[in-house]
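Right after this note come the structures.
Below, chain A partners chain B and then partners chain C, in two separate complexes.
Our next item is the complex of A and B:
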């Protein structure tokens, strides 16, 4: 039997959206998702909340890690369209550390329409400042250090590469255990020689 | 018969579409995201873009303030506020400090905004280059290549003709050093408040079907020349009601002899100053 999703879809998705908006407006600050839905076992409720808020029949999702059960659940609650390849996806749900397409393959928009680009929702275990790179840009009052558990230097190099032709690029959310962090394409890695925080 | 609305009037599909647009707008500060603007129960030009943004953002625990030219008690502000009272039942206020969400037509409040607040601007024409270039195809290309020479020529012509930059409202800004954007028809007096604003600024244009955004703590520069730096308006007299010398003043003609009075355009700011005194 399919499990329920948000207990109050209108208000729960509004609350989730506001958390996402804040997360993207002030990147790399861990925020709390105030409403977590019931979700299939393999899909973290934090990611499920974000997907329920973003998806409908107008967007194409690429989510190689979705189990058949989770796929049916998400399909029932959002009526999303599956992307045929990662290149076509508007939204991706990826588990950090699992096998995934290279970020360079994702939609980065066009110069006239940079908004026609992918948004990646990463499922993560948590966040740490330890060994994290330092970010700056719009939304940073001061530079900040943070990264999701499981991200390494190679990951940040790949991220930097795919956002180097700003305003083209991809936007990301990291979510798990009731928390979320946003990282828009406008954020920049700060040179390590400069002080952080 | 009691008419039931979905919370905040818009259907959930429309809200989702606008929300996805707003997220892209925040991710690309100053870039105009196209969106499927809906027909609203008031005509274009009355703030339909701002209303759709507010409707997509607002939640039950928000406290909404609506201003029109700084005033909480003008037709547009009163109507939009009562519209949201009716379709959401949220708390409303006239106090800038108490509001979590502020929809505005053509002003930024004098009371400094705080982190966590969201300002929603009603935008008649989101394209700063539109009066200089009528074609959307063309302006989109100019933005793509960051080709903003036209706007500098326009400001230069102002100087050649008037001796100074005569643009006094809707004064063009560069957002995050990349996109030329319209701050909506706020007086240029308010432009400095856009720079490193602690609050998130969202812009909605209903007729033109565009959204754009300025995230908090974002670099926003008003265009200028080295020998003609950007300057804001100033007044010789203080506000006749509260005595403020720092606020944006409206000129009111008081009789047939042409007597004039200058008063704060921000009614909440002016009232609270008089109450404190």
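Our next item is the complex of A and C:
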């Protein structure tokens, strides 16, 4: 049985989009999503809000973790297109900690069109500052620590590798439990030898 | 009406509902409306644009003819889902079609609704078309050429 999504699709997705822009402007600061839709059980409402906002019939989504029910729900509300492989995807929805495609294979854009790159939406349980890596770059007044639960050193290493050729690269969102964190391609990992707040 | 294809009956009633005037549909449907609290709206009634594609002749390539406003709504009731689509901006019409669609899928309600809503609307559409054809036929002009007498 299908369930509803945003109660006011136009304004709710506009507000979600605004929250996503803020998240990318101030990377690695957890923000809240103003409108959470009804969503299938396996899809976190925060991720559902982002997917409902970003997807339409021209967007190719790669989401191997979507259950059949969640697929039908998302298809009904957004009419998205399924990508045949992670390389072709415009948007990816992945559960952080589950199996993931190599990030280096995702679309990184072209020099003329760096915007033709993939955006990854990671579903996470929450965030912690304990043992977290330190980030810096545009949008950071001072370097900040934050760790989405489920991310490990191998993950950050892979992420660093695929963002070496700025302005090419991938943008990421971490969302779960009503919270949202953005990590644009312009952010960098700070060397551990340097001080971090 | 024959029930050859499971969706054929549904296509038939949806076509009739969408081609009827909302003023004709509303009074007939209102006595059958379920309690609003039992309805769960998947898509609130809203209006958007749809691209209409056309072909010149049977073999021409498809081209974009233009956009039309379309109103739609989707509702669930007792595990069944009803959809309403109608050309134009009348969201009330789309709302009523969605409710009628979900009610008509219920085998217990189908005979009553078919008798009291669909059949009268179908007759009204037929009458409207026949009237229009009569009016059009009345303006028919017979063209003929005079023989000019050359040989």
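As a working rule, the second predicted complex is superposed on the first by the 197 of 197 C-alpha atoms of A that agree within 3 Å, B and C clash if a C-alpha of one lies under 4 Å from a C-alpha of the other, contacts with A are read in each partner's own complex, and residues count from 1 in each chain.
Simple rule for what comes next: a residue touches a chain if its C-beta (ideal position, glycine included) is under 8 Å from a C-beta of that chain, and two chains touch if they have at least 3 such contacts.
Since the structure is predicted, the reported quantities are computational estimates derived from the model, not experimental observations.
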After lining up the shared chain so the two structures overlap, which partner does A:59 touch, if you call chain B first and chain C second: first, second, both or neither? first
Please tell me which partner, chain B or chain C, touches more residues of chain A. B
So, does A:171 touch the first partner chain B, the second partner chain C, both, or neither? first
A:108 in the overlay: touching chain B, chain C, both, or neither? Say first, second, both or neither. neither
Kindly classify A:2 by the partners it touches after superposition: chain B alone (first), chain C alone (second), both, or neither? second
Could you tell me if A:13 is touching chain B, chain C, both of them or neither one (first, second, both, neither)? first
Indicate the residue numbers of chain A shared between its chain B interface and its chain C interface, in ascending order. 9
Contact set on chain B toward chain A in their complex: 6-7, 12-13, 15-17, 19-29, 31, 33-34, 56-60, 116, 118, 140-141, 143-145, 176, 178-179, 196, 198, 200, 214-219
The answer for chain A against chain B in the complex is residues 9-11, 13-15, 17-18, 20-22, 24-26, 53-54, 56, 58-59, 111-115, 117, 119, 137-141, 166-167, 171, 184-186
Residue numbers of chain A touching chain C in their complex, please. 1-5, 7-9, 76-77
Taking the complex as given, what residues does chain C use to touch chain A? 40-44, 46, 74, 76, 79, 81
